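Dropping the structure in here first, questions after.
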Amino acid sequence: MNTVAGYNFAYLDEQTKRMIRRALLKAVAIPGYQVPFGSREMPLPYGWGTGGIQVTASILGRSDVLKVIDQGSDDTTNAVNIRRFFAQTAGVATTDSTGEASIIQTRHRIPEKPLGEHQIMVYQVPLPEPLGRLEPREAVTRKLHALADYGLMHVKLYEDIARYGHIASTYDYPVLVNGRYLMAPSPIPKFDNPKLHMNPALQLFGAGREKRVYAIPPYTRVESLDFEDHPFSVQRWDEPCALCGTADSFLDEVVLDDAGGRMFVCSDSDYCKTRQGAGHTGSQSPIPAEAT
Amino acid sequence: MNTLINVRGLAKTFVLHHRDEARIPVLENVSLDVAAGECVALAGPSGAGKSTLLRCLYGNYLASAGSIRIRHEGRWVDLARATPRDILAVRRKSLGYVSQFLRVIPRVSTLDVVAEPLRELGTDAAAARERAAELLDRLHLPQRLWSLPPATFSGGEQQRVNIARGLIAEKPVLLLDEPTASLDVANAGRVAQLVDEARQRGAAVVGIFHDPAIRDRLATRLFAVEAQLLELAA
Amino acid sequence: MNPLLRVEGLSKRFGEHIGCADVGFDLYPGEVLAVVGESGSGKSTLLKLLSTRLAADAGHVRYQITGRGLVDLAELSEAERRWLLRTDWGFVEQNPRDGLRMNVSAGANVGERLMATGARHYGQIRATASDWLARVELDPARLDELPTGFSGGMQQRLQIARNLVTRPRLVFMDEPTAGLDVSVQARLLDLMRELVTDLGLAAVIVTHDLAVARLLGHRLLVMRRGRVVETGLTDQVLDDPQHPYTQLLVSSVLQV
């Protein structure tokens, strides 16, 4: 795609990108620690991924191949717009394929296909402070982080179990990074939490409105908080994907009609498509053309 | 002679700062020794300073001059100079005081009120309660009252609870302020019997006994408090 | 025996106003010190200085840390101070809403210190919290209720349980009965008396109520205008007060 004239490479000016890269270097040096940065106004509203976009803009090179997903899908409005934004302002190649991408910007999911050392994940983060809901004063939460005083987070988990019989958080499930900093993994389902752990890819997190970036360097320990007698566990489904038949991917519920018909399909559209292309089928797979 | 109380030159003057600095001298140059097995009755008209002397001996009133030495764990402790912590230690182990009135602790049962001094010395709860029950039984306090806090008891009942509490730990020095004031003859006799037993086992007892019959029965010696002041005047 | 807390020359000014001037005392394990005085006498300031919530202008607060001896609290790192505050110490606020988390259950309130010190077994935390509710005479069946539904006296007992669950050696209490009905005060006082005795707690209790001081305090510190005007054995100070101010204080009360 042709780039639009009159804009800097990847929209942001070089000084801003440098500033963000310095913040990112610090974030990588202190895994899980929230580094403040001078978040810029972006040509889209807060909550649409302004933090992720600025991180992507700062690390994007001309030879990168960019993939953008929203809730696992490459085709939703947010994903399409951000992908087109960088195609136009930076002229970089884009892809839907997890394997071909060098940078993957995401909202709410980690791809099912395992990532490699050559890849960088960029997460869009609405609320970077995991303690924020329990302790609204930032001066206090910063102190709690400084002193690794995280009893409060367990109070929240305790309260969940007392109230619901299990830890009710199913997304943005708090993790401890490298045995030190408590971190909000952004609103990914807790199903994806195990993928944060010892991941070969560099994982960067950007919160535009809250003006924070943080990072998980490759091969870093990431533990989901839990209790000994209520260990962390991920969601499971009773049925496999209706399109590709996989039993180990995160499934979305799709309503088919107004008579209660529904099916469960992979949230990761690229993963599902790739499997279907390889001949895997599910209960709702279209009947192959040659069979008709 | 095994002296347990040794008072020398004790003076007590109350200064009332809000009554034009009025000075009320009550005790002047009191010296007193009491040995184990003695029961000294303080004698003198009301206002002579008997109660003041007794309270000084307990460390409840601060001496203005002189020394008040009490034998505690084989050494002398001067209550006129000791730290609060030391005074509390002396009271816990060596120095008992039976006041006229029971300071009631809300919600604590009579049995536990009586057992408390033994518990403070490390006796386990069951043994302390058992000993408390024996004493209350000897003092004819009706058993149905034992589990109740003594707040609502009659004066005579409260006084017996107070005496049982004062005697249970068998402290070597006992101070008694009118221990039989609210009691009938029979109950006063039972109290006297217990006090006498305490003396015979070697306690040094100092008391104020209003009732001459009780005083004559218990006292091995009289100590005239007003005489001290008269001597001074003379 | 070594003192648990050694306070020397503790002073704090707020501009022209003297918060605390040259306060010193030793507190031994199991000893309860009652600090009395009227509003503005500096007793609450003293409590804040002792508990390191406020930094002193001059003087020292030293605390006996297991294995380290008497340590000047000003020399501790903030992490060490916080550790002390949530394990070895307790702080009971006058207003229970300041000392409790009102938006989480009674069980979570009691369990917080356990979790902060590494407890990670839900069932055990819950069982301990339940035991402590019973111990402060709250119905363990209300373990999962929010403290907002509790009466003032119940909230205060919950706050005490929350503080004592880690078996601290030293507890600071700021007017713990002041906000309660008289009928509820007696119950709380008696409970505090039992707990202090059973657990061998050392405590510094700030109160303007001489009856509270009489019932709980082994020793008394009378403060006026930031200074200690009289100190001694509780019953001696109350029955035979020496300083003009203490005499006024004692004679102003109906009966203690």
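Chains here go by letter, A, B and C, matching the order in which they are written, and residues are numbered from 1 within each.
Criterion: contacts are C-beta pairs under 8 Å (C-beta built on N, C-alpha and C of every residue); 3 or more make two chains touch, one makes a residue touch a chain.
Everything quoted here is computed from the prediction, not taken from an experiment.
S.K.: Which chain is most remote from chain B in terms of Cα centres?
M.R.: Greatest centre separation from chain B goes to chain A.
S.K.: Which chain would you call central, comparing Cα centres to the global Cα centre?
M.R.: C
S.K.: Can you check how far apart chain A and chain C are, centre to centre, with Cα atoms defining each centre and the answer in Å?
M.R.: Chain centres of chain A and chain C, defined by C-alpha means, are spaced 47 Å apart.
S.K.: Could you work out how far the Cα centre of chain B sits from that of chain C, in whole Å?
M.R.: About 33 Å, centre to centre.
S.K.: On a C-alpha centroid basis, what's the spacing between chain A and chain B, in Å?
M.R.: 78
S.K.: In chain B, which residues are in touch with two or more of the other chains?
M.R.: none
S.K.: What part of chain A is in contact with chain C in the complex they form?
M.R.: Contact set of chain A toward chain C: 143, 147, 149-152, 154-156, 158-159, 161-163, 226-230.
S.K.: Could you pull out which chain C residues touch chain A in their complex?
M.R.: Answer in residue numbers: 78-79, 82, 86, 101, 104-105, 107-108, 111-113, 115-117, 120-123, 125-126, 143-144.
S.K.: In the complex of these two chains, what residues of chain C are touching chain B?
M.R.: 28, 31, 186-187, 189-190, 193, 215, 218-219, 232-236, 239-240, 242-244, 247-248, 251
S.K.: Taking the touch rule as given, give the residues of chain B at its contact with chain C in the complex, in rising order.
M.R.: Spelled out, the residues of chain B in touch with chain C are 14-18, 55, 59-62, 84-85, 87-88, 105-108.
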